[in-house]
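A, B, C, D and E label the chains in the order they appear, each numbered from 1.
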Amino acid sequence: GCGKTTASTSGSKGYAPKKLTVEFVPSSNAGTIEAKAKPLEGLLKKQLGIPVTVSVSTDYNTIVEAMGSKKVDVGFLPPDAYVLAHKQYHDKVLLQAQRHGLTEPGDKANTELVDYYRSQILVRKDSGIKSVKDLKGKKIAVQDTTSTAGWIYPAVEMLDQGVNINKDGIQTVTVKGHDQGVLSVYNKNTDAAFVFQGARNLVKKDEKDIMSKVVPIYTTGKIPNDTITVRGDMTGKWQKKIATAFKQIAKTKKGHAIISSVYTHEGYTDSKDSNFNIIRQYDKKAKALDK
Amino acid sequence: MMTTQVPRRPWLQRWHVKPIGWTLVILILLVASSRMTGVDVGMFFNNLGQFTDLLVRMSQPAWDYLPVILHPLYETIQMAILGTTIGATFAVPFAVLAASNLVHNRWLRGIIRLMLDLVRTLPDLLLAAIFVAIFGIGSTAGVVTLAIFSFGMVSKLFYEVIETIDMGPLEALESVGANKLTIIWYAVLPQIMNQFVSYFLYTLEFNVRASTVLGYLGAGGIGVFLQRSLNEFNYSQTAVIILATLVVVMAIDGISNHLRRVLL
Amino acid sequence: MDKTPIISFKNVNKVYDNGTVGLKNINFEIPQGEFLVVVGLSGAGKSTLLRTINRMHEITSGEIRVEGESIKAYKGRSLRLLRRKIGMIFQNFNLVKRSSVAKNVLSGRVSYYATWQSILGLFSATDKQKAVQALQRVSLAEKLYARADELSGGQQQRVAIARTLMQDPKIILADEPIASLDPLTTKTVMDILKRLNQEDGITVIVNLHSVALAREYADRIVGLRAGEVVYDEPIADVTEADLNRVYQTV
Amino acid sequence: MDKTPIISFKNVNKVYDNGTVGLKNINFEIPQGEFLVVVGLSGAGKSTLLRTINRMHEITSGEIRVEGESIKAYKGRSLRLLRRKIGMIFQNFNLVKRSSVAKNVLSGRVSYYATWQSILGLFSATDKQKAVQALQRVSLAEKLYARADELSGGQQQRVAIARTLMQDPKIILADEPIASLDPLTTKTVMDILKRLNQEDGITVIVNLHSVALAREYADRIVGLRAGEVVYDEPIADVTEADLNRVYQTV
Amino acid sequence: MQTTISKKPATLTLWRRWNWLLWIAIVAVIYTWAITGLHFTGLQESAASVSRSIVHGLVQPDWPYVYNGSGEDLVSLILQTLAIAFLGTIISSLISVPFAFWAARGGKEWLHVRSGSGKVVLTLIRTFPEIVLAIMFIKAVGPGSYAGVLAVSIHSIGMLGKLFSEAIENMDRGADEAITSAGGNSAQIFMLATLPTIMPEFISYTLYRFEIAVRSASILGMVGAGGIGTPMIFAIQTRNWPRVGIILLGIVLMVLLIDTLSEQLRKRLI
């Protein structure tokens, strides 16, 4: 179990872990995820030389709170969660995950590794909706208002295009999960849906014709990929050590296979807090939208 | 004179074989489970402050959030009422068929019970997910999930009650020459009516509470808002949601307690 | 006029599933209109004997005839008709406590109705009057709308009797109908049974613990011990000593 | 030798919370060593009367004295000591069904032990022997280790008596101790009570429904009706007619 | 002979008739409100194909997941779930006892202040969402099944305490009386009479609660408090139906097994 790992032995220079606790929460744009912790535990332990425990959660509230209470040292956080964690507990971002870029049509993965993803507005091909302007007076499936790809980005960018989602006669339907957003368009329950790019792949198994029937009319700007974040009080030495360890793992064949199959991470690049200012801007605009 | 021979106890009792055996089994299970789950009592008490941290942050409910959640709260109650009613209605005939004192055909009873057991084992999360897939996001999925869940729960509670009823009136009606259906109507239903009401309300209350979870999967109700408040770390809103649910649950509990006394 | 027996036992044996012998080689006849009292220690088989007559218990071997016909083969409707003919009064009343007295009494008549009628409570006006009359006979008409559990023990026992009357039975089986009643209620109940026996000519079979009562009311006394008939005499021939013999432990 | 009364009632009234009058102006004395039988219809107040003596019920006004002392002010320990002195036998036995006979019997002695001792079951060897003797007195020693719910009704009643004996009571209150027992067991139980009365000099107060038994065993009979004493005579003066008067409905 | 059914007292008749109508009216209003308040969605266009793939996944479960020695397979996680539920139930059943006596309505209590307050506290515990509780414990002891155990322990008190207190209210007080009349003090009454009398019901409710805890342990998985819940939710979210199928199979088998065992236990202990 996760014993008395992180007794707060932080000296003047900060906290140096004797045992590392890592928690993972899938980002919304991960197509396949597995609740597996053990393989990463082994890999990290080998790199760092201290015991490591990895756990998985489906919800990022716990991970932020647990990092706040110093029960978790390293968290795999989605960008919005990172922003909140930084604000509340001064947690520090080390790395961002890289995934394969996607090309239209059909959301096919290309060979390029990118540290961002995008959001899309999907409609039915036979609906006659061709542009954002056509969405006025329509019904849109959205995710919860805390969702970056399922609400904040597309809503804010729609406003930039002159369409206010809270006015202009638009009706929003909050759905749970991006697959549900895709399906609600497919089933004609809504006219459009905000989902992350690649969400149609989720339902491809169930509905073979999804790619031809449901198409994007708009793709947003870049959203930073999920992060690897550490407790704010961790010593600089250990921060570096952990960052190197993850990058090292991504480079080995075995390590790459594991992070790719379990977390759909293809690699890691260095990151800094200012990368997320864009998220903060969008958040602010989205807040204004609510008013 | 005072030396009466105390009779010897049977061997099993003398050495307390059964109690000691049970204690041992439970102890072993306890130790094994603690190992497996990493129980560490000391740590919990050391970090009690962290535990109460959230409570402190919840201690100032954001009352202006109340109007926002009223509608979803109503929706939760409405879903719970319909789901419980549908589930409980279907539960009655199945409970009768599963009761060993009414149905003597072992096979029929066995099959019915197996069916009820299977229904009961389905985790409500899974049910919600499946029905969201079939009915789409919204109340229908919630109602159907709660109905199936209530069906499983009520039918079991119910056949256990039926098995404890007084068989006397049944005998009396049998000796009068009544047939099965009449016997159930005249001798069984009056005896279980108040328990039925009590269990119905109990399930209703359970379902109102369950909706806080079902919302996570898009089956409607207050759960959506609970998750949103948690994701925004807005615990003063969480507190309002919990308190509002508490009022509903207490109302149901109160009605149930009252009816239990009145109908008894 | 020689009465043909309304009930007859021929070599009746009853062994319970767990091996307990309930009845052992029972042979006797009950003429129409008799008031028969069965006595015996606790566990002697009195209840078992009564319950075999309306097939609430099945016998293991032998034959029981009611009105000259063997009841062995009765099933479904014919069994229900047999039971309709035989009223049973239970030691613990067996009322539906939460239902009204009226409903309990009327339920004695369900076998005269189709299922749907009885479930919807569609009893004829005649039968409702009959229920009132039955309650009047046991001096309880004023409790018609009371709930059964609001009544005292003796009153409940009388409701059970009224329910039996609704059946228009030819035979009444009463299993210790006066246990735990006070002397006054005891007398009321026994008097009612006696009146049914004498006025309506109903054959009455009663299990009793009290020898005094047995001597007071019975036409004939049958004593059981360990499932066997150890005593069977018309009331004229019964002596105190005989009866005490029945109560000796085995 | 004039006996001072062991129990005396002075103008005792008891009104239940719901307004039912349980006892009305009760005045009488019970001398040490008497075998008193209380008779009366169901609901007359017999149980109420018994239960006021050991303060299981509180009285509304008046005074009850036990061994010359008013019991009104007793509290905590003194109340427990009073109750230790008074054994009570309940109509429905009130055994812990799932505990062994031994445990049930020993539990009668709890008031002689400190809390922790009785909770841990640390009864002295002497008391264990005492328990066996008590069971022997009711002819039940062989059931020492049986579970209470494996016993027949009569046997359970006797366990309850043995439990009371463990208290070394000076007074025994028995509330319809023989309801629903067969005549043989009835006799056994009543004989035991009589022997306790005669051999050990215990004052015995019994509620009964059966006038015959009352006449057989009592030194004195008290009749209650609607909470009032309507009859109070030593056995020598009791006539059948008198007793029937007690049973008249009001 | 002509007898008429005796007239019931007029006021009583009136009240009984109104009483009945009143209830019907209240119930009708409630149901009308419930039905009209919800807007129902019909079957989805994709329902057929989705159900087909669900069924397909359920009948072709992901067998390799059953056991692979990694400690993160079905068998290990189900065992972990059982461990969480077992510990949680045992702890809560112990804590529930004092709560139950607190909340049980006694005979001569003034305005039911004590029992009333106990009932409110139990309701509060019950209503406090398990998920929030789990988050609080994760903050205290870190993510993992220990937090799950604690969440189940506390949350179950709400329900067990309620069931226990109702059992206490309905129990037969005879044995209590006997010890009282023998001069026992309240501790002795409790240990020698109350507890043995009430034990079977306590055990039976505890077993029942254990079954529920096993199922609700999957909810805790959502927030990383251990057990089979996490993989199940991931599988549902990514529509990995064969995985859902095998997990469901595992849960069904586990619950059936528990059911049979607890049935046996119940028979043996009661």
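We take it that contacts are C-beta pairs under 8 Å (C-beta built on N, C-alpha and C of every residue); 3 or more make two chains touch, one makes a residue touch a chain.
Protein names from UniProt, one per chain: B = ABC-type phosphate phosphonate transport system, permease component; C, D = Phosphate phosphonate ABC transporter ATPase; E = ABC transmembrane type-1 domain-containing protein.
Note that this is a predicted model, so its numbers are computed, not measured.
Steps from chain A to chain D, taking the shortest chain of touch contacts, total 2.
Between the interfaces D-E and B-E, more contacting C-beta pairs are found at B-E.
Chain B and chain D, compared by their mean Cα positions, are separated by 45 Å. Inter-chain centre distance (chain C to chain E, centres taken as mean C-alpha positions): 46 Å. With centres set at the average Cα position, the gap from chain A to chain E is 35 Å. Residue positions of chain D touching 2 or more other chains: there are none. Each of the following residues of chain B touches two or more other chains: 37-40, 43, 47, 50, 53-54, 133, 136-137, 216-217, 230.
Annotation for chain A: residues touching 2 or more other chains are 1-2, 59, 61, 65, 69, 71, 177, 183, 187, 189. Chain A makes touch with chain E in their complex at residues 1-2, 5-6, 21, 23, 25-26, 31-39, 53, 55-59, 61-63, 65-66, 68-69, 71-72, 177, 179, 183, 186-189, 202-203, 205-207. In the complex of the two chains, the chain A residues touching chain B come out as 1-4, 59-61, 64-65, 69, 71, 84, 88, 144-146, 173-177, 180, 183-184, 187, 189. The residues of chain C lying in touch with chain D in their complex are 41-42, 152-154, 179-185, 209-212, 247, 249.
The part of chain E that touches chain A in the complex is made up of residues 41, 44-46, 49-50, 53, 70-72, 134-135, 138-146, 221-224, 230-231, 233-234, 237-240.
Those residues of chain B that touch chain A in the complex are listed here as 37-40, 42-43, 47, 50, 53-54, 132-133, 136-137, 216-218, 224, 227-228, 230-233.
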